[in-house]
Amino acid sequence: MTAVLEATGISKSFRGLQALRGVDISVEEGQILGVIGANGAGKTTLFNCITGNFPPTSGTVRLDGADVTGQPAHKLAHRGMVRTFQLMRPFHTMTVLENVEIAAMSRGARGGTARREAGETVERTGLGEWADQLSGSLPAAMQKRLELARALAMRPRVLLLDEVLAGLVPAERAPVLDLLENLRDTEGMTMVFIEHIMAAVRRLSDHVVMMDSGAVLATGSADEVLTDPQVVEAYLGKEASDA
Amino acid sequence: MKRSLRNWSVVGLAGATLALSGCAGSAVSAAGGDAEATTEDVAEIHIGALHPLTGSNAADGQQMAAAAQMAVDAVNEAGGIESLGGAELVLDSADTQGEAETGQSEATRLIEEGAVALLGTFQSGTSANVASVAERNQVPFVMDVSALDEILEQGYTYSFRLQPSASQMGTQGAESLLSLVEDSGAEVDQVAYLYEQGNYGAAAYETFLAEAEEAGLTVDPVIQYDPAAVNDMTTQITQVAASDADALVVTGYYRDSLLVAQAVDIVEPDLQAVYGVANGAYDQPDFVNDAPNGGDGYFDANYHWDVTNADSQALAEAFEAEHGEPIRSSAVLSYDAVMVIAEALERAGSTDTTAVRDAVTETGYAPLMVADGPVTFDETGQNTNAAVVVMQIQDGDIVQVFPQEFAETDYVFPAPPTE
Amino acid sequence: MATSLQNAPETTGSAARRPTLSERQKVAIVTVSVLAVVTAVAALRAGSSTVLVQALVTGVLTGGIYSLVAMGLTLIYGVLHIINFANGALVALAMYLTFVTVDTMGVHPYTALLVVVPAMGVLGALLQTSLLNPVMRAPIQIQLLVTIGLALAIENVLLLVFGPTPRSVQLPGNVGVSILGATVELSRIYAFVGALVLVAILSLVLQRTAIGTSIRAVAANPEGARLVGINTKSIYSVTFALGAMAAGAAGVLVAPFTTIEPTSGAIFNLTAFVVVVLGGMGNIPGALVGGLVVGLTEQLAGLILPDESPLLAVFVVFLIVLFIRPKGVFGRAS
Amino acid sequence: MTTTATPRTSTSAGGGLTGRLTTDTGSQRSRGDYVVLAVFVAVAAAVPFVLSASDMAIANRVLIFAIMGVGWNIMAGFGGMFSFGHAAYFGIGAYATAYGVVVLGLSPWLGMLLGIAISVAAGVGISYLALRYKLTGAYYTMSTFAFAEALRLFVIGNDALNRTVGFTIPVQQGSSLVDFQFPAGSPWYYWIGLGLLGMCLLASILFVRSRPGRFTIAARDDDVAAAALGIDVLRHKLFAVAVSAAITAVAGTYYVQYYMFVDPEIAFGAAASNDAIITAVVGGTGTIWGPIVGAIIMAPLSDVVTGFLRTPPPGFEWLAGHGGLDIILYAVILVAVVILLPKGVYGTLVSRRRKS
């Protein structure tokens, strides 16, 4: 029962502003952890600290039990932890296929293999029709998928997804959710995902962490967390009124 | 010109094909380059002049080009080159823009278009470049202004220099100062030396120092500065004021030397004189306008056109009448350079460039510049009779004061820069 | 009261500000102690207290002049994110306009401010509207090349019109005065004071006027500014006009102690860039501090390393500061 | 750029995955690049047979500009690091060669290798600092500028490097490939320069096709995303700097051997940096062939303008004899091209072709 990814006591401050205060999360092999919380709760900052975008002010990140705190993002990616971005970051001068090919090449695939793998991933993520389109001119929903496709081409063991469903219409969500579920069930992929869409959180999460003001407010199974009165007050009520 | 314009448009349009197709015609029309013609009856002889007509030295460059043209006109009016059937000289004037590579490509172009000799270029860097072009094309190159010693240390056989080199000016500047002081009976045991840190300033300083030390004159403090960057000289002049120096020697360009004069005016160091060596300001009419107190009393030991020579005076008057400004010594040197070339052509009786070069080496032309004698080139191509004269600003006029043979009036020494 | 355009609108949040202040104090302490050590070394090399004092006073005054010339540069960068390579050429143009005004009307050089500054403002607005507004969204190299081309054009138009002979402007009563035992030309003191006044005026305009608020809004977030109804293009033009006017004021104030040539402004370009970066690009009081750092570095380096160009020391200091404080001495880390 | 939500029909026409992959435009374009390179070199090699000697001087300058533009383009166009100090690498190449030939008595070819080595070391060193300390935007640009300036001032103050005088390559009689010296006007200068340019272009093409090159371009587009995908952004950017510095140093060597002269202003002055930028930007940054097009347009431009004003066509005689007018015209043309075609001449053509 060892956690694949375990972050303990993660704090981060920006010039005196405390963005994270001692956050603990952990996720076990083949499980999916949902991270919820209002905008500005520190979810993306947590991802950034874990994936090496910037080091946490204090706290430890362990991947497969090894301390990887403060290691640069590219090293962590090669250790099997890959993420997507909430605000899409396509390589805008490249086509969709080329974007994904970069990821496959980065994983170590050579020439033709990389292209074949990229093609498969593009098909799998439903981007087939867009493969030769310049990624910079894709509609936002397709750029979201491209984020996912690039991450998958890295064949991650731990995948961190930052609002991968945002901006998709309900009809577009289902195939993505199917894909994610399939990845867990067939490949045993471990995932942490930030999401606002509660139906998705309920469906996918083995475990949920609710964040508020840079700290963990509640943790447990999806049902436990989503019915927690504190959570309802701090987040869901507001979410409901927002929607 | 038309040739290169046509090339360009084709080059621009054809992209990677790099003007292959459209330029066939230009190869035919490009046959102007043979300077080997030795026919005795040539209608025109082209001389190439390279000067900075634009850029920060355009003031000198434009005058130099104009004076060179006056020299050509004078030769033509006097019947052209008689040994070549009265052939007329044609001056092809090119703009170096003060850049060495432009100087080189323009020199190449001028030779290509048939120039049998080149003159120029005011900037030592450009001259060094043109000298190498001249050497490789075996076309004589007469430098009017370019003081850097190193240009003629390359073993070139086609390059000549009329102007005294920086080290000649340093040596002669020291000699002149020493004899002027001795002549005046004043007491000067120590001088401060302020110079621009480039090789020009350094060469003048080092040769001055050698001469001064031999004569027992102390040179201290010695201060160098970056002429391109300096904006204020008060600290340097305060250093001079804090020393025991009796006089200040300055080697620099116009702008920085003017800054020196402004700083001297306010710091008021206790000096008997400010004495320029190869100074770019203290013999310039502009300096009289720009400097505090009109720069009264400032000396400069520098190359200069001979004010005591009637021919020089005539040229100066004609120049001012034609161009509305007083002639600069740089322009007179360009005039002399054309005359050296014309005189060599006359003796060579040929437009073969090597023959012209050989004739140049044996020139005995009497220059309009102050000199120790007729132009005489040593084996490196340096004019050994090039000389400096000491000038002083007196009541708003720049007058030759030393040595006696070139003096218009008596010098005033001591001449403290501040009253 | 920081007039940094980079972070102008987020002036709230005392929690965020206090550490920055102490950060600034740290910077100030380090700067002062480095200066003290360098000054001590310079004192040993100079061997005369008069010379040292003179170097320090001259350093401060030339520093003021450098920041004066750099003011328009930093303003334009702060709002337009354009490195204006034509700044020096604009200063040179202002010098010639001063010369013409004084020469034709026979007025006191500083009255030329009344003519030159508005004229430069109009020119600046025209240049921005016609040449730079079309490329505001283009990459940095496009804008850079436009300003380089502009600089070439202005300098050579000056050469064409005025010829290559250097001009000068005489300031009546421009004598040397003594400050702390050092001698200083009055015109340079006036220019130094002018730099201070210019900082004050620009700060006031940016902080206290409606147009200043719009400029700061555009500097911080052009998209947001457009959404709240600000015409960003005209703000760009106003800003470039202000920058050109600052260059104009600098040209007038510098003219009396400068040889006026087409390249007279360009010789300040190098130092002006250093000044602007050291002070934090877009930070107007920062430019003043940057100017002082450069002026003092130059003077003290001249005493400590007499064989090298003082500018070498300036550039070494520049590179070191840049690596330690990538957003300038007083700029905030991102 | 299309913003419609439907993909272009052409891409979906094949339907099958493999079909799309075989028509991948990227690899075809690259293979096409080799062909274009071969044709370009072959055609350009014939230029000396048709141009006069003075026009060859311009052709040689085109080569120098082109090599510099290709070098700058690697770092700025493909690497996204906007350098305003490429004079540093050009100057190091030039000085290493000149010092090697004049002082050490080396062959210029060894001097070139020396220049490449020093240039790469300096470029990687300074860029490591700049990237390590996260200099971005204008601050990064100014650091490159300051580096070149500092080198210029260092050389001016250095006796071993002849201070402001620089070096003049001694003139030899006769031709020598080993000494890279030929009689004035010899087409060999051009052919050697063309060979060097060809190699630099080849390096450029190989770079863009290589893994490091593609990773560099990815990092240029988005360095955070690249890092998240396991790309060591710093290392790849430094690799791009190294390639760029090496190519630019080659231009320095060629400059010295052709002009036989170098001084601190020529080597490290802002003009050299400008030439590299202007060439690449006018042609089109981030494209293989842009710098070549830019060089062919911009290198002869000042000569053309000057020539035009030296003997203007009938009706324009009043334009002649005004010092400075040629530079004004050059500046106006530069500004106009840059404003009207911000993607560069070649870059605009390519993007038009893609659109249609």
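Note that the chains take the letters A, B, C and D in the order they are written out, and that residue 1 is the start of every chain.
Assume a contact is a pair of C-beta atoms (placed from the backbone, for glycine too) under 8 Å apart; a residue touches a chain by one contact, two chains touch by 3 or more.
Just so we're clear, the structure is a prediction, and the values are computed from it rather than from any experiment.
Just count the C-beta contacts per chain pair and the biggest one is B-D.
Distances between chain centres, each the mean of the C-alpha atoms, put B farthest from chain A. Centrality by C-alpha centroid: the chain sitting nearest the overall protein C-alpha mean is D. Mean C-alpha positions place chain A and chain C at a centre distance of 47 Å.
Inter-chain centre distance (chain C to chain D, centres taken as mean C-alpha positions): 32 Å.
Rounded to a whole number, the gap between the C-alpha centres of chain B and chain D is 36 angstrom.
Rounded to whole angstrom units, the spacing between the C-alpha centres of chain A and chain D is 42.
Counting partners per residue, chain A has no residue that reaches two or more other chains. Contacts with at least two other chains are made by residues 156, 159, 164, 270, 307, 309, 311 of chain C. Contact with two or more other chains is made by residues 153, 156-157, 323-324, 327 of chain D. Against chain D, the residues of chain A that register as touching in their complex are 51-53, 72-74, 77-78, 82-83, 85, 89-95, 97-99, 102-103, 105-107, 115-116, 119-120, 123, 128-134, 136-137, 139, 150-151, 154.
Across the interface of their complex, chain B is touched by residues 46, 48, 50-51, 54-55, 58, 61-62, 65, 156, 159, 163-166, 168, 175-176, 182-185, 188, 257, 259, 261-263, 267-268, 270-271, 298-299, 302-303, 306-307, 309-311 of chain C. Taken together, the chain C residues at the contact with chain D in this complex read 77, 81, 83, 131, 134-135, 138-142, 144-146, 148-150, 152-153, 156-157, 159-160, 164, 270, 273-274, 277, 281, 307-309, 311-312, 315-316, 318-319, 322-324, 326-328, 334.
Within the complex formed with chain A, the chain D residues making contact are 1-3, 5, 7-8, 10-12, 17-18, 20-21, 24-26, 211, 214-215, 217-218, 221-222, 224-233, 286. Interface residues of chain B, counted against chain C in their complex, comprise 54-62, 197, 223-226, 228-232, 234-236, 238-239, 241-242, 254-255, 258, 262, 265-268, 286, 289-290, 325.
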